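Note that subunit A is present in both complexes that follow, paired respectively with subunit B and with subunit C.
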Partner chain A sequence: MSNLFGQNLGVINLGLDGFADVIEAEGGAAARVDWRPPAGGPDAAAALAKLAGNPAVEAANQQAFDRYLASQPVLEGIGIAGETLPGMGPRHILHAGPPIEWERMAAPVKGAVVGAILIEGWADTEDAALELAAGGEITFEPCHHFDAVGPMAGIISPSMPVVVVRDAVSGARTYSNLNEGLGKVLRYGAYSGEVLDRLRWIGGTLAPVISKALEKTGGIELKPLMAQAMHMGDEGHNRNVAGSVMFLKTIIAAALNSDSSREDVAASADFIANNILFFLNISMAACKCMLNAADGVEGSSMATVMARNGVEFGLRISGLGDRWFTAAVEPADGLFFAGYSRDDAAPDLGDSAITETAGIGGFAMAAAPAIVQFVGGTSATAINATNEMTHVTIGRNPAFTIPSLDFVGSPAGIDARMVVATNTPPVINTGIAHKEAGIGQIGAGITHAPMECFEKAVIALADTIK
Partner chain B sequence: MSNLFGQNLGVINLGLDGFADVIEAEGGAAARVDWRPPAGGPDAAAALAKLAGNPAVEAANQQAFDRYLASQPVLEGIGIAGETLPGMGPRHILHAGPPIEWERMAAPVKGAVVGAILIEGWADTEDAALELAAGGEITFEPCHHFDAVGPMAGIISPSMPVVVVRDAVSGARTYSNLNEGLGKVLRYGAYSGEVLDRLRWIGGTLAPVISKALEKTGGIELKPLMAQAMHMGDEGHNRNVAGSVMFLKTIIAAALNSDSSREDVAASADFIANNILFFLNISMAACKCMLNAADGVEGSSMATVMARNGVEFGLRISGLGDRWFTAAVEPADGLFFAGYSRDDAAPDLGDSAITETAGIGGFAMAAAPAIVQFVGGTSATAINATNEMTHVTIGRNPAFTIPSLDFVGSPAGIDARMVVATNTPPVINTGIAHKEAGIGQIGAGITHAPMECFEKAVIALADTIK
Partner chain C sequence: MTTETKFFPNHYRDSVALMRMSAEIAGLPGIDEASFVMATEANIALVVEAGLLEEGPDPRPNDLMGVVTGSGADEIEAAFDAAGEALASTEGNRGGGAADAVLPRSLDAALDGAPASNLALISCPGEYAGAEAMKALRLGLNAMIFSDNVPVEDEIALKSFAAGNDLLVMGPDCGTAIIDGVPLGFANRVRRGGIGVIGASGTGIQEVTCQIDRRGGGVSQAIGTGGRDLDERIGGVTMLKAVDLLAADPDTGVIALVSKPPAPAVAARILEKAAAAGKPVIVNFLGWRGDISAYPSLTFAGSLEETAHLAVAAGDGDLPPFEIDPMPSPAPADGHCLRGLFSGGTFCHEALLELTPVLGGVWSTSPVDKSLTLNDPWTSRGHTVIDLGDDLFTRGRPHPMIDHGLRNERIVKEAGDPSTAVVLLDVVLGHGADMDPAKAMLPAIAEARELAHGGNRRIDFVASVCGTGRDPQNLDRQEAALRDAGVRLAPSNVQAARLAAKVLAETAGGAS
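Showing the complex of A and B:
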């Protein structure tokens, strides 16, 4: 032993940096390995012991992941939610995240519901809308229950237009609403006159222009468009600058060759040209499509949904289908617009984490170094986020390559086992809503999924495995 | 001495890697410093001795660089070359690079001249065009003599449309032709029927559509557009994917609000949407604008022009105004399209090195990791190119920031002294033309400016300094 300490010691430090700091301060050398003990209590540990390396789970995950990779989302057209979403009733309002009743909804979601009720003409005033919402006549359900996804509040009511994405492999369809732009918008809980006027214009002008253009182009394959946007500095969640303008370029000539009026095409082109998030919702529907393909593989611990309703974070995994595993959400932190701070922030919100679930967004941040202007950090933050997510993912998606990492695929297919075993919560890029209804977006940042959902999912999955 | 070698030696290796390789092979440690002896013979060394650290040259370079930084290129409109370029005569044909007579022109340039003569209607057949070109009736002059720039062959004849860029600071104007797209195009020496038809369509349809749109938008500030494209993975020379689509998005609504016909706008939108180099020529005119601002500062060794005519490379520096310093060009190397090799390549060609002269293109390659798919190399190639160019540049351009390098400005303002003193030739991204007329582009790659031009310029500048 004394012989050992007489030598020039090389130290490998697992986990907490404090130990390596001390050794280096004393002139020693320490290689740092980012290691954390597994998350969760004895139940999670027992579940992990059952699931880790389990051949049935490994095979199930590979199957789910292969289905996700094979999926070919195609933007097929634009529909009206109430006519297009199978099972949506005339008094349905869909929202982001896992199920939640009106009383418990976050303020921005309530604001967006008020806006939707006014748009639908079910009430004429804010007070009447609030009364109606509380009265039990309206059915609130998650977008995900209808194969749909909506950013932030994610409100979809029957008259709203939706993008329709079809999986060329299975024929299954997924949906999202149309992006309204930045600032005061329904999805951030604003419902003033300008917000509702814009929504009416989107339904009455923009949606038909895009719909007719898509009839001319035929379906648009979305993975090549998403991949190209990633080569142009988008990560596909908080940054959709390239995707939005590439989408405009893809449809503009077709829009002009359709029977839409010249004025409507000009106004639509102007709207998309000035909405750097326009492609987000389309990309989200494509992500939902790829993940639906991976859903329902018995024994698989691959995440198929991560979604927030502003109160709870909800996770679904392939092997347990429609079950939600939930935990409380925390307020998002990041860069705030002038005049706002973390104290003003609503808890984390939106179905847009479907992008991270599908291996883009925060998982592809290395493709989007410019995003750190918007969410904070340095270019190393972006690279590290992508690299860290390789610890919790089943593989890489060769369709979504990252130029700055020499065209390696983005890490994809979150394995709930690996999240718990490495105590590494999935990274999520996000917008930040004001905690009160009616105000809108106040910032953007980087957040993480709560570990508790993954622990619950792993425990539940272990119960199904012999 | 024996004491010295008894110690554990640390070696700093300047220059040739071979020495460090040997030391490391023997188990030693060597820090590698990329150092090369200065270029040129005794005349260049004497000139450098006079110019290095010379306060007059330092002050002149700072002034030239500051003027370059302050320049504000604005896309003002579209003109017809013969009516717009001051001094251009009715039988002028402008070409890329330094002056060259017909007999010595490279084959692709001759091919493009034939095409221009046919377009102008000065001859009806290829043979008649060749006879006319050789007959002395046509005046050949560099684009640069008319404050214009043209990629590859760079041919501008009187009836061709040109983009007009105005410096908001000085009011001075610069020009370029309109980009024809990829493949068989005049600038690569092709002049078949389809090439000429496209040029006629560009003059008759596309140019008026853009011109009328610009009347609606008013002038478009180009530096913000170029900066945004660099945040979207363009380096602004070989990769203009983002710039081109961002330009389309900037003018499309205005084009629809002008009196251009719907069909013409649709065709123009389709053309720009499918031409990932459309923005190159506009960006080149902007670079020429910024560098003209830096021109004519007595004593300055800052490069204001780098241009190739396929036979000679030409350099101009601020302190010596209109003088050309030339050297032979070498064939470009890079990635070749299927069926072609280096043996088929024409020597380096085009005014597009104005982008590198202005601190974008190869100098900003770190912003465009995806470009290595097109020119060869890895993402490290791109980062290294940008970093190496800091050795030969006066400063950084804060208008052109690079996200992956934490938003540091692109290295800009090539100091001919530093090129010679460090023996570091400026990097240039380039397209590669076939060495015979009529074939077109066969590849793309990374090349370097010949040192000889810089040695000549430094010697000439030293002659002007007391």
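Showing the complex of A and C:
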């Protein structure tokens, strides 16, 4: 039976706002849509018409989102990349973002590749490393192809230690490298002696200390730790101060009780204590774990990967598992360290947008009042930034609640359809690398995922739907 | 250039706050670079790396360090003073205000917030309206599509989906509806009652509902179908559905149907459905020449006003038979022309149907006789009746119901033509229309009169006002203002057309 008459007319008004005023004045109810033309051209519009409100897509998204919510990432231990990452070969180098060949790689990524080749001992000099990299003997592949993630250049070579996160629900594992700290570091393309020495120390000292500590503690459940950090002012991407402290607090006694030497534990504790981003990589592996759980649901438009390689931005969605939808990437806008400006900035880089994909980072800006300067300096603008993302998300994650929003869950589960339909690109908090290799971080700020990736994904998904 | 370093002991600020402060200090007069950081080993290394200092001081992690490069010592001192003030300030970033309300950006999100909604009113640009309407239908909402320029294929898809899901699609290009007493789009505030109106045009619905109101009757529902619904390609899906809805609606006692002549097959389907409605149905397919004897249970009306009259009479309205002045004849002499300048498409069409037989041909952009199509719509010839709400005129201009500028210009232009003797107008009130049409029109009418007077001529103005006493513009006030300005008023559009013909005949007769 029709539901039109005698039901207390409730109108959703999309377009001329004056119509809603009249409806309200005449005793009807009017919900207003802040409508904007969808992104993309006719192809995207046709795809949206097919996908919007489509019961198959709705059901698939709910299934993907429920799997994401149910996932329970546990920090299980530390492994060596070449031995631990399934399928990683002896001459593999993994990088951030979507696939890219050596010739087109961004300068900071090339710098980090040189560093990795030197660390691996495949070459002795910078020139020899460059020659080797260009020679076709090394296989470059995205971290994501190995269920791994790495911030900025995201370089993982076979001898590097990786954190291993296991999903207690499915048993599936995800990985990330260990964070090197600030300043001259490999992930920003630096490969000087001190950078390589630090990496060797991480592999030889820090990784075993953490590994042995984790054997004592057993696995560490990561969602509660991330949730607590959000209550302490982290958003989990640009700010990981609380998470890093919490991590150190969690393992320090176990480290002291392990058979690691007192000197090694002390040096490791000092390193973690002085690295406000140490927890980022662990959190990224946890985010990857939750999103892998959501992957592979036929018909789902939920984003499972957003990642940048310094040249292109790459998106993957659950329903089209292994396909990358890419677009050129621009440098982020932000605040720069003294002496640098946007002119010095490399295009956006790194797998760390996995945090936003998982509903933290920029999506949880309202949880991190200390860094609201990125979005204009007031708590209200930070809350607006988080609220803006509710337009493109499937739901909220009750595991990650935001105190300033009365503990509502963080908006999570990016629906590619909604990104295009509302022309609202996902926000990403990010560090900014110098465009030349080796100079390192020159700022931090906010950027948005390029709309083109979402348009392509929506069009491709519509092709698979009858 | 000088560079100086200063420590602010035991001050902590977050690095992001300090980056912003650095940028602000660097923007002060005479300052080249400024870096404020917590004086940790790593931060000092960054300042050295950036080239601000050749050699870093020893780390003092609990102290805040400022390094400023500027043109002179005074400038640098002023910069450090400003930094000190900023650090000592307890004002914070006040003035940011509360966060914005979160308005939904999509139909789905709006429905989440208002789950009891049952209709989407869509007035975005036509190229997007079809997709939005389909979303609405998929979400279980009925749809009113105010937007025009929606492709016919979209309309077919929308209406067949709606038909299969017990939903109603009003439009595209549906300007007017009244559902449960709530006016949607351009609608009048009419009394509620037992007459359900279904119309293919917005102004047709407005005239019928207002004429019902003038007779003390009331409207249960008014449903717009959109102008193309009775086209062969669409097949009258919405009108058929609307007849079903009104037949089943306990608050509707009488049904009135208004549209231009449907395609023959569509007309038959609709009239069969109407004959089976189990309620009195008044039909006005303006100018339709079909066989009415096949539908003895239906009542056919000749004008919008008669449609309203018969509908009220068929209900409990105690009305005399419908009688209005007949159209005068014979045709007036040449050289005295009528110019009908309409803002409503159906008003224009009804006037053309009335006037064409007696005036021996009326030029128009949409004439009864195609050979009388105006080549240049901006210039009248002979008797001309045009709809200024037509896309031909409104490209880049607001619709003349909303803004009288377009029609006012044309009124003045007609006055400059010596053959113009009578100007016939419609005046539409209600939501969405100009808030005081009489006030908007009178200066142009006065200017036109003056222009004619200068040429030793006379122009008569004839009009009808479509509206009610409860409309925001108020029917009585509008009629009084027009009458005071010498405009001759008729109580309906059809009567205005006849009055205009009569005035024209009198003028021509008086002149000859």
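Methods note: the second predicted complex is superposed on the first by the 425 of 466 C-alpha atoms of A that agree within 3 Å, B and C clash if a C-alpha of one lies under 4 Å from a C-alpha of the other, contacts with A are read in each partner's own complex, and residues count from 1 in each chain.
In the analysis below, contacts are C-beta pairs under 8 Å (C-beta built on N, C-alpha and C of every residue); 3 or more make two chains touch, one makes a residue touch a chain.
This is a predicted model, so every value here is computed, not measured.
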Inset, instruction - Could you tell me if A:391 is touching subunit B, subunit C, both of them or neither one (first, second, both, neither)? - result: second
Legend entry - Touched partner set for A:121, first subunit B, second subunit C, both or neither: neither
Inset, instruction - For A:379, select first, second, both or neither according to whether it touches subunit B, subunit C, the two together, or no partner. - result: both
Inset, instruction - Scan A:193 for contacts with subunit B and subunit C and give back first, second, both or neither. - result: neither
Inset, instruction - Could you tell me if A:370 is touching subunit B, subunit C, both of them or neither one (first, second, both, neither)? - result: both
Inset, instruction - Quick one: classify A:273 as touching subunit B (first), subunit C (second), both or neither. - result: first
Legend entry - First (subunit B), second (subunit C), both or neither touched by A:171: neither
Inset, instruction - Could you look at A:135 and tell me whether it touches subunit B, subunit C, both or neither (first, second, both, neither)? - result: neither
Inset, instruction - Would you check which partner chain A:87 touches, where first means subunit B only, second means subunit C only, and both and neither mean what they say? - result: neither
Legend entry - Of subunit B and subunit C, the chain that contacts the larger number of subunit A residues: C
Legend entry - Touching both subunit B and subunit C, residues of subunit A: 370, 372-373, 378-379
Inset, instruction - Would you mind writing out the residues of subunit C in touch with subunit A in their complex? - result: 14, 16-17, 19-20, 22-23, 26, 33-35, 40-42, 45-47, 49-52, 67, 93, 95-100, 102-111, 113-114, 116-125, 127-128, 130-132, 134-136, 138-142, 146-147, 166-168, 179-185, 189, 221, 245, 248-249, 251, 431-432
Inset, instruction - Name, in rising order, each residue of subunit B that touches subunit A in their complex. - result: 228, 231-233, 241-242, 245-246, 248-250, 252-253, 256-257, 262, 265-267, 269-270, 273, 369-370, 372-373, 378-379, 403-407
Legend entry - Residue ranges of subunit A in contact with subunit C within the complex: 1-16, 18-20, 22-23, 26-29, 31-38, 45, 48-49, 52-55, 181-184, 238-239, 274, 335-340, 370-374, 376-381, 383-384, 387, 390-391, 418, 421-422, 424, 439-440, 443-444
